[in-house]
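Read through the structures below before going on.
What follows is chain A paired twice: with chain B in the first complex and chain C in the second.
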Partner chain A sequence: MTVTDPKTVRADQADLDKAADRPEDAGQWTAKLRTTAVEALPPQKLLPDRQPAYVASWIYVFGVVTVSALLVVIATGLVLAIMGPNWWHVSSTGLFVNSLHLWSVEVFFFAMVVHLWGKFFMAAWRGRRKVTWITGVVSFLVSVGAAFTGYLSQQNFDSQWISTQAKDGINSTGAGAIFNVTNFGQMIMWHITLLPLCVLALVGVHVVMVRLRGVVPPFPAKGEVPGDDPAPATADAEVGA
Partner chain B sequence: MSTGDEIRKPRTFKVDRDVVAWHGRYAPYDLAKEFLIALVVVVILVVGLAVLFGSPDDKPVTVRSWSTADAVDFAQTAATELDGTSGTATYGPPYNVNGTAQSIGPISPAKWMGVHHPIDTAQDFVVGPLSTLPDNPQVTAALNSYKSASATQQAAWTAAYEKAVANATFTHGRLVVPRGNYGPVATLIAEETSMARSGALDGALLSSRQFYGTDYTKPLLFIADGQYLANLADNQHLSGDQWGMMNETGSYPGQAWLWLYTLWYQVPPMNSSSNGDLQVFAIMIVLTLLLAILPFIPGLRSIPRWTRLYRLIWRQHYREVEHGGGTAPVPTG
Partner chain C sequence: MPTVAIVLSTLFGSLIDLNKPGHYIHWGFIQMSYANGLVILLMIIVFFAAILIPFKGHKGEDR
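So, the complex of A and B:
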């Protein structure tokens, strides 16, 4: 029986970790990619266990609540997708899962809107955080589209009325030529594949940007404003960073 | 050529764009625990709301249920589909070229995109479905008579019928229209009504293209051309002047996040303009763009600082900094 010395295993792992430092691997794309990624977002930054002391308000909770609600939306949506679009109309269990889906969407939007306005009043785009703000706004817009196509895919009176009313607005923009809100098949495909993928991707980028740039510091208090002190000529300088 | 020793141009600190780097205290913050607690709370909240309120699922209107509940409204609508005066028949792009696409000045995206879902209401909603009825010599004769008549003659028949059908009744399973010279139109609409009440028209409208159909455009537009669907929606506070589609049946919150979009439909000139939809969309596109690029817009990006609500969010921080706390950040240039 061969016994592997744990110390040897750890040493081998350490060698692997340092692979990018080897001169012969200097040009390796994989090593470069890993080094760049780890340098930009080291584990301590990706999952920090400490935050600046100013991160002490209930408003900060709503970002996490939004992500939590999104997970419940996805989970309940997956059950509805697995069982098929007719299931919840004929099964009491299905109707309950649809109710969970509906209310998780309501909680998701409530939390997202509170999060958005909270970040607005913090001017959370300051200090090289513009992309974070923009991905947040676009996430909200795509989520509106995802919810809208969900309402169109219900196969009940609501979806009939909403689609026949919404068609006028969509058609007036010319988008109706491609995006036909009265076409159930097209709407359900957008609702269960394209738009959820977009929302998840955008939220993912948004969260990574938050971790990359950190939580925006407060506006300077009296006496803190550097005035005309020169700052590094990088975009949206973080003075003193 | 750029060198590492190049002198970089200093930039003025702008309070709505830049930040003072934090050199103050860091406190333990358990993100994983916060996330798990948030998830549990959300699940409990969602389950509670689902148990308490459920979700609406009002049955859809079918052509059969519509023509059974209000045969006269169905017959009136079918007549307008046949003579090309219904909402869909005169819509314009993307369904046909019989109507004017909405525009703002020279901008008319619907016109530019053109017809993508072609619908000829006379053929697709009346003549076509009736042609599928087997072994019905009366309908075949009426269809042949109608199709072989001149356009002027067809218009005279349908105009007379459309006027008369407003006073029609439905008794003993038959549509009763005051006597008049309607040519074959009376037979066509009466048979179409019977076909609708049997449920055959639902299938004929849907399966005109293929067996596995998922495109309900035709039956939906046909149903929406009538008054029946609108009356049901009005009773459910779903009409445009009742903040329309952001609501849903029952007392559910619906798409409350569409409040701003729906708001514009309540105010002039959008609430009465024939180009109201495009005007509302134009406003929303501009507002959405402004929200997205707000960090770049001087003035707008200063609103948070002017409102001073941030002092409420960071009140503990400012208390410490401004009243001698020991954890103030150290601004460094």
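So, the complex of A and C:
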């Protein structure tokens, strides 16, 4: 009886996953794309079980708190979109879901700002992580727009007040020609389609980049040789070279 | 309204009176409500707490 090493079986399976179903299909773009994607980001790296020791700090928690809050924002927003303003303004359940939507946005921005400060003081763009940093910055800016159009979409006096207060500022920049804050139809479409899709896409790229390049390590102490970076800036980088 | 909700809203209402115009911080051209200032202060506190408070789940494993 032959005893097969489970590690060998997993490796064979990984090779099969990368290869085309038939040798003659290896040149197809689907096979090439799949092979490239699996090589760059194998499942173990995409969803790892362990992180480097330096990640054991509360300051590394705020990124995942931000993503968790975003999921609650999206889920409650979907419910609000299905049920409509009469429901979220009048019924107890609607008011509750509306409040969940608001407070998850508060948690989202709170955690994102602490995450931003933490990463700024770590210089998190080190080690070929510029794209990670930039996608984070752009996500933050687009999120501000998503929140702003959300305030304009409440269907109450608050949203009317905010839109009339904002219109002069927006118009003075010239953006009012295509972005009319008093146009409710335009604002709600930005809020429930365009901007959420942008935020989700940017956050998706941001998270994938974190998985590709690894979590940024802290600065080395004086006299310490840096050696724990999963994506060092040198040519022998182990990730995404 | 349920009794619990009335009690809670009365308690919070006695702490923070929202039935009047808000208070604002004026700092040059910057104008900010006390509520927003409080949120920024909380973020700063949480930021330093996250750096200083040990992460208890860490068992000293390398990876």
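The criterion applied here is as follows: the second predicted complex is superposed on the first by the 199 of 241 C-alpha atoms of A that agree within 3 Å, B and C clash if a C-alpha of one lies under 4 Å from a C-alpha of the other, contacts with A are read in each partner's own complex, and residues count from 1 in each chain.
Everything below uses one rule, namely that a residue touches a chain if its C-beta (ideal position, glycine included) is under 8 Å from a C-beta of that chain, and two chains touch if they have at least 3 such contacts.
Keep in mind that this is a model prediction, so the values were computed, not measured.
Undergrad: Scan A:157 for contacts with chain B and chain C and give back first, second, both or neither.
TA: After superposing on A, A:157 lies in contact with chain B but is clear of chain C.
Undergrad: Which partner does A:68 reach: the first (chain B), the second (chain C), both, or neither?
TA: Touch partner of A:68: chain B, not chain C.
Undergrad: Please indicate which partner A:216 is in contact with in the superposed arrangement: first for chain B, second for chain C, both, or neither.
TA: A:216 contacts chain B only, not chain C.
Undergrad: Does the superposition put A:56 against chain B (first), chain C (second), both, or neither?
TA: both
Undergrad: Is A:104 touching anything from chain B or chain C once the two structures are fitted on A? First, second, both or neither.
TA: Touch status of A:104: first partner only.
Undergrad: Which touches a greater number of chain A residues, chain B or chain C?
TA: B
Undergrad: Classify the contacts of A:114 with the two partner chains as first (chain B alone), second (chain C alone), both, or neither.
TA: second
Undergrad: Overlap the chain B and chain C contact sets on chain A and report the shared residues.
TA: Shared contact residues on chain A (touching chain B in one complex, chain C in the other): 50-53, 56-57, 59, 61, 113, 118.
Undergrad: How about chain A: which of its residues touch chain B in the complex?
TA: So the residues of chain A in touch with chain B come to 47-57, 59, 61, 64-65, 67-69, 71-72, 88-89, 95-96, 98-104, 106-107, 109, 113, 118, 120-123, 125-127, 129-130, 133-134, 137-138, 141, 144, 147-148, 151, 154-166, 168-169, 171-178, 180, 182-186, 188, 216-222, 224-233, 236-241.
Undergrad: Using the touch definition from the top, list the residues of chain B that touch chain A in their complex.
TA: Chain B reaches chain A through residues 8-13, 15-32, 34-35, 38-39, 41-43, 45-47, 49-50, 53-61, 93-94, 101-102, 109-110, 112-114, 116-117, 214-217, 220-221, 223-224, 229, 232-233, 236, 238, 240, 244-245, 248-249, 252-253, 255-258, 275, 277-278, 280-281, 288, 291-296, 301, 303-305, 307, 309-310, 313-314, 316-318, 320-322, 327-333.
Undergrad: For chain A, which residues are in contact with chain C within the complex?
TA: 50-53, 56-59, 61-62, 110, 113-114, 117-118
Undergrad: Which of the residues in chain C end up touching chain A in this complex?
TA: 39, 42-43, 46-47, 49-51, 53, 55, 57-58, 60-63
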